[in-house]
Every structure is written in C-alpha cells, then in structure tokens.
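First chain written, first letter: the chains are A, B, C and D, and each begins at residue 1.
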Amino acid sequence: MSDVRHQLKPEELVVLNMDPIFSSALICRYKDHMGNDDDIIEAMLVSTKDQETEEDPEKFEKSRKPRLNFMAEHRHGSPFEQAAIKFYVKAPIMVFREWHRHRIGFSYNEASARYKVMPPEFYIPGPDRPIVQVGKHSKAEWVPGTPEQHERQWNRKVQAYSLAWEMYVEGILDGEAKETARCVLPVGLYSDMIVTLNPRSCMAFLSLRQYQPDAMFVSRPQWEINQCANQMEETFKRLFPLTHEVYVANGRVAP
Amino acid sequence: MSDVRHQLKPEELVVLNMDPIFSSALICRYKDHMGNDDDIIEAMLVSTKDQETEEDPEKFEKSRKPRLNFMAEHRHGSPFEQAAIKFYVKAPIMVFREWHRHRIGFSYNEASARYKVMPPEFYIPGPDRPIVQVGKHSKAEWVPGTPEQHERQWNRKVQAYSLAWEMYVEGILDGEAKETARCVLPVGLYSDMIVTLNPRSCMAFLSLRQYQPDAMFVSRPQWEINQCANQMEETFKRLFPLTHEVYVANGRVAP
Amino acid sequence: MSDVRHQLKPEELVVLNMDPIFSSALICRYKDHMGNDDDIIEAMLVSTKDQETEEDPEKFEKSRKPRLNFMAEHRHGSPFEQAAIKFYVKAPIMVFREWHRHRIGFSYNEASARYKVMPPEFYIPGPDRPIVQVGKHSKAEWVPGTPEQHERQWNRKVQAYSLAWEMYVEGILDGEAKETARCVLPVGLYSDMIVTLNPRSCMAFLSLRQYQPDAMFVSRPQWEINQCANQMEETFKRLFPLTHEVYVANGRVAP
Amino acid sequence: MSDVRHQLKPEELVVLNMDPIFSSALICRYKDHMGNDDDIIEAMLVSTKDQETEEDPEKFEKSRKPRLNFMAEHRHGSPFEQAAIKFYVKAPIMVFREWHRHRIGFSYNEASARYKVMPPEFYIPGPDRPIVQVGKHSKAEWVPGTPEQHERQWNRKVQAYSLAWEMYVEGILDGEAKETARCVLPVGLYSDMIVTLNPRSCMAFLSLRQYQPDAMFVSRPQWEINQCANQMEETFKRLFPLTHEVYVANGRVAP
C-alpha cells in the first residue's frame, strides 16, 4: 500500500496522520450581511407610498415598530426578504441533514467528502446535553441522564468513531476513492458550511428549530440544531432588533 | 360626488389632480449589495479546503479567475448564491408581468394599486425602440418603423392612456374602491418595485432577458425588459467583475 | 394600412374583427391531479414506520384524521407536498398579477400578448361585487355601493375598455408589433393560464386569498382573487377531504 | 440496563435484535404520476393559442415533437413543470445528502432517526462499482480496482458498520435517546424516502447526476446517485417519451 502515499497531497497526508478529536462544540457564526430594519420598512413602503416624497423623519421614527408589527401580524412576508445574512456553520452531519431540508431562502456550500479528505473531528454530546428521552416523540421531553449514562455514551461514541476513522484512513491508503472510503464515516462527524439566508427564511428556521414554550406553534427540535439556532437568533437580533422584537411579540410565527 | 373628496388623503388628491405624464424611461438602479467575487470563491472553497488553513495570497490571486471559470464551465451554481444585490426598478406593468415569472432567488415588493392611488405616468415606446415585428415570433426580428408609424403609435397611446386616467379618476371620485377603479389602467402604466436577487439568479435573468447574438442559447426578450437587464448587467459587472467575465466567456449560460 | 392584413393569420383577423365582450366571470377549473389524503399520510409514515411492514387496515382507517391533524397542528408541511392539482384559470390581468406573487409550489403557463393577439374580453365587477371601500386599507371593509354607482362604474369601464381595444386593433393594423401595441390594454383584460400546485401551496394560497373571519390570521384579499380561491377550495375539498378538514379545524393556517 | 427494554415498542425490539445486513442495492422506484407529453404541449399552447378553438388532430399529431423540441432548444422551461412524478428511493445516507441539495421542484419525506430505530442495513460498493479514483477531482476517472482491493474495502466496511451498529444498540438499550444514539451511524446506512418532482426538475437532476459523455455539459456525479438517476431516467422516458427524446437531442440540458 506504500505506493499510494505519494499520490496524495501533502495536506491530505497531514490529515490522515491526525488523531481523532472529540468535541461538543456547535458553531453558527456571523460572516456578513446586507440591510437593516429600515430597509425592510422601505421595501414595504413601496406598496403604499410615492417613492419620490420624503417622509417626515420624526413621523418615520415613531412608525417603525408599528409598521414592522403590522407586517408580522398580518403575515406580509415579502419585505422581510429584502435583506441578507451570511453564516459560517460547523456542526455534525446529522445537524446538516436537518438544516438542508430548508430549501427556500437558503443557499448552502458545504465541505465535500468527495473532494477532500475529511479531518477526524467528531461530535459527542456534552454533559449539558440531556440524552434521555421521556415520552413519545410527539410529546417528548429530554432529561439529563445520569453521569454514568453520559460516561457510557461518551465511551461508545469514542469507540465507534475511532474504528470508523481507522477504516477510513486505511481505505484512502489502500487507494480507495475518497467518495467510497467515506461510507464508514458517522453522522457525528463534523462538517462545515456557508449559509446565506434572509430575515424571512431566518424566522422560518427559528420557528421550527428552537424550542420556545411561549411560541404560538411549539416545536421540539433536536438539541444540537437548537443550539445553532440560538446563535443565529443572537445575530438576527443584533442586526434586525425591531424585526426580532415583533417576531417574538407575534408568537414567533414566521410571516 | 363632492363628498368623496374629503375622505381622501391630501396626497391622494394631489395625484388625482395630476395630468398624465408620458415617458420612455426604464430604470433598474443599484440600491445595495453584499459580497464580491472573492466571497463566491470562498464559498466554493468550503467544499475542498480546510477552513482553518490560510492560503498563500499570491497563489490565491492567480487562482481567482480559473476557479470562477471552473464553476461557470461545470455549472457549479450554488457558490454564486452566496451574495446579494438589491435594485430599484421603475417600468411599465407589462415589464413587471414578465419579471415576476422569475420565482427562484428573487424577492419583490411592488407598488400596490389596492393600497395607493397610482400616479398617471405612462410608458410610450420612444423613437429608438423598433416597433415593427418581422417574421414569426420564434424567429422574430424587430425593425424601427417609419417616423409616421412612431407618431401614430404615440398618438394612439396618448389617446387610450388619457381616457383610462380620466375614467380612473372619475371612479375614485365616485367613491369606487381603488382596487376596482384600477381595472381600466393599462399595462403601459408605470409601477415601481424593489428587487433583491443573487449573482446566480441575476445570471439566469440576464440569460433570458438580454438578446446576445453570441450567447450559447440566444434569447429574444421584449425590448423593454432587455433595457432593464442591460442596466442590471452594468451593476453586476461593476460589483462582480470576474464573475461577469466568466459568465460571458462561457456563453452567458447561468451556472 | 391595408397591406398589413395579409401578413396576419386568419384567426388573428377574426379576433381583430371582434366586438369587445364585457363579463364578470371568474374561473378556476379543475383539470387534473395526483394523489389523495392517504398518499399524504403515507409520505409522513416514511419518517416513522418501516416501509416493508403492512399496517393493520382497521387501525390505519382510524388513524387517518388524527395523523393529518397532527401534521397540521405541528406544522409538518412537507408530506402535503407529495401530491399535485392542476387548474385552468380565466381572470383579469390584475388577478394574475396578485397570483403570480406566489412563487413556491406554483407552476404557471399564461397567454402571452407578445405571441398572440389577445381577444377583447374585459372584466367588469358585477352587481354582487361590493365596490365601495370603507375604512383604511389595513382594516378595510367593502360595501355594495348604490345601483347608480354600479351603473356609472360599468359605463366608465365600457368606455375605457372600448377605446383601448380600438387603439390596440389600430396598432396591429398599422403594422405595430403585438408586444408594443398591447401597452394600452387594461389590467381588466381577461387572460388565462394553467397552474399546477400541491396541497401545501394550495393551503398557503387559500390562507392569504380567502377572507375567512374565523381564520387564525384573517386576510383581506381582493374580491376577485377570493372568488377564484373559493373555486380552488371546492376542488381541494373534493380531492383531499380530510386534509381540508384539518386545515379548517386548525384555523386555516398553511402547515 | 434491563429495565429499558420494556419501554421500547415490540417492533423496535425486533430491529434491535437484527444482525447487520450488507448490500449494494440502490433503488429509485416509480410510485405515481400526473400528466404526459401532451399535457406539457397543452400548457405551452396556452401562451399562443385560443383555448376554445380545437386544433386539427392530424396537425396536432405532427406538431408534437417539433413543439417540445422548440421548448427544449429555446429553454422555455415552465411547461415542463405542469406534470408530476413520484418515486420511492432507498439508498445510503451519503446519496441522500447529495440529493437533498436539489431544492426547487423537489418534495421529500425521509425516514427519521429521531423518530424510529433505524434498521441495520448498510451499503457496501459491489464488484461492479469502480472504487479507485485516477486523476484530480475535476477530471477524475474511476477504475475498477483489484479483486483484493474490493475484498479489503468490503472487510473494512463490515468491520466499521458492525461496531457502529453494536454501539447504537447499546446506546438505545442504555436508555439513550434515539436522536443522540444515532451519532455513530455511518453515512453508508440505508435510509428511504418519497420524492415528488416534475419533468423540469427531473431533467435538472439528470443533467447533474448522470455521467453522459455526449452531454453539452458533462457532469461527473458519484456512481451511487448515478445509478438512482439511471432508474429515474427509465421512468421519465416511459412516461414522457417525447420529452425525454428532445432532452437527449438537445444535449441533455435542462430547459
């Protein structure tokens, strides 16, 4: 098998020599954006107002929240599309599987295990992640689990991940294509991606991927994607504070 | 009918007293954007490159165009979605009718004739607009038309527009709802809108809404939307010069 | 201008010789469909059930409504996309303008005034259409209007429509391209289209285009598109009776 | 750990007691459809033809292929959306990961490892699958590999899959939630889904997910999704033979 090594790129050999890393980190990090609350209001005003006439600034100032609230309340969604937010996300494949079901108002570019040797970073639920499910799925709750249960789950994952990595590396060094060697890689493997969305698709995501007991439609997403959604919400709130406020005030229903 | 006037807003009365304006203007004006050529490359690199490793700046510089070209040539479209451009558009309703058939990667907010009294601005093809069609539609060409033909078409439109406006104003002053009074308004009436799109949907639009004899798939759009597309292309080219270059070099096929 | 006539197709000459027709008809007619309530349930069961195991038919029968209701209540929308309905629609352009703003889960093919000479059929609100608006738009109500108001609006539209048609015909016979001659045609002109949608996008449409005082989010659509939506709902109810039932029971919120 | 068993459903216990199954099968099976070639033509004719006039049947018959060809050649895509095809797909997770990147004109419902205990069926490339990659990815070719390489890759996957399954079962029996126990499951695990698409999105899929050396834009998809695409093409060709024919004749470019 020694002849394969020289066909690989230096950085690929580096990755293949790495020891597995186990982590509980989940990242949804701001990268870039276009627009703010006022741009959403401006887009709405195109429907009702002559574009040439300037509005009285004081009157405009007072009208900002009521106007955004009117749109949220009456589900006038399109003005909330007239802005953009871009994120860098790092999370296990199982999270990306859920995420990519959001099709509209979402653009994705993700690491490809066909094109690159994936580095051995694996997700393991940390001690703050409740790992025991109580009740049927439609009304499930998750409870912490004992420290012993946490330790056992950690060990199980380390064991399975380590062998998967070993078999993956052996495959590559045996001359197998990256795209079939990857079969053994677990859905707990980390991947990363760049996502561009808009405030409307952002709210649609949050409404389904956050557990908010006070929401009009309560969702029970998986804990891991909920953590990502929480970070997304922080950015959303910082960039579009009034839009976020009316979203929450209207029961977290995406307009 | 005098009692209706006091129910109208002052600015509505102003509009109702206006004389019709006839114009040949078509506007697609830059408002805002997010991202540049390098952001598109960066999105692509997520697939193939470890995100933590810095690339050699000189090597990166040289690789920019080949990388964008590779994506355009092989129709890797998604990285071209990781940016945004926003326009203000002013054009007759018939142009908006064609434009709104673009559904994916397009967000719209348009003047609403249900919510506001539309101002009397009407489109009439100008002397530079070829108004005579030669040949069947699938292989149509448009030729200038004689000065007399141009004069006659101008007169016809002024006549029809003027009566439409008169009937519209009478309707409003007769207490009729804006939303039914508008029935008589022609598709040559100006409307305006805000549009957000991304470089990928921009190229899809340009590939269908510009007549480019050297394109791989030659399209024969209506002259009016073609003028808007030309303005859009200027902005696109200014903001994403390399992306525009590889788009043109690859036969103006949207990736 | 006599030389132009022989360049036109016989059927175009027929249309150009027609007298304007004025009508209040609005049509959304069933054409075709795929699937039923059980196909939606089957799509949902892929998530939770082994596909090889047959379910007890009696148990399945009882579970149908609760399962659909669960999806509607918890906004599990995707199974409602696993079917299709196709309609033929005939309505004035102003209705199509609103309709085409529905971008997702909607496919359209519409009459083209670039390709064909449009026949002179024009919409005029009938006596059952309330034409007087009371109150500001966000809380507007529409009241019938007096018989005199109705008569006056009918006359205004006949007058404007007739001249528009005259100018359009003159334009064509003057050798003007159909695509610019059409500028004078009003948004009250009838057009027709074929629309394919799915139960999910159907419910999204109905939730915005029907006035239902008992809905969780009350919408105030224009009367004309509401009539089309009512016809669409009849078909939807006939083809997917249980889905329709849970949609209504859950406040007419599109899942 | 014995107390957990009685909390599980009988069918879940059955699955947990199963031995892993290793397979090379890839399935994309027809389930249902709406429409045919003539419905696509009919949708196109709405643009150009009076809907009330019957066309001469003989003339229509002759015009079918040229009309479809005209649309394919000039990229008039929307009529190809006026039909639907539904498939049942069974393939490893890594194939679904690629598939779900197709967002427009695709509806999905997939098995959920949050809701059900996944059965232990794992994909292993069979002897007909070339597993050795030659050349850089953008111009990669795949060659068979020696029988010894095939045997070694089979063994590696059996080893990794078996331990992953063991750790998954242990997790469930240790009281761990299905949604975290699944972290160890590999992307080679089989999943299944129901997919609804239309002829246009079907062609977009085929153009990217089949390797066709004679295509205008040659794509190099992963072998496994290519197998699924081949089965999809068979169904597409059977249901829409003329559409398929013009798609191929026009260089397999999705209109």
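As a working rule, a contact is a pair of C-beta atoms (placed from the backbone, for glycine too) under 8 Å apart; a residue touches a chain by one contact, two chains touch by 3 or more.
Quick caveat, the model's predicted, so the values are computed rather than measured.
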A-C or A-B: which has the larger count of contacting C-beta pairs?
A-B
Select the interface copy of B-D from among A-C, B-C or A-D: the correct pair shares over half of its contact pairs, counted by residue number.
A-C
How many angstrom between the C-alpha centroids of chain D and chain A?
25
For chain A and chain B, what's the span in angstrom between their mean Cα positions?
33
For chain A and chain C, let me know how many angstrom lie between their CA-based centres, rounded off.
36
Residues of chain D whose C-beta touches two or more other chains:
48, 78, 101, 104, 108, 115, 137
Mind listing the chain C positions that touch chain B in their complex?
92-94, 96-97, 100-101, 103-104, 106, 108, 113-115, 123-125, 129, 131-133, 137, 142, 145, 149, 152-153, 156-157, 159-161, 163-164, 166-168, 170-171, 174-188, 222-223
Which stretch or stretches of chain A touch chain B in the complex?
11, 15, 32-35, 39, 42-44, 46-51, 53, 78-79, 81-84, 86, 88, 107-112, 115-116, 119, 192-194, 196, 198
In the complex formed with chain C, which residues of chain A make contact?
48, 70, 74-75, 78, 101, 104, 137-138, 208, 217, 219
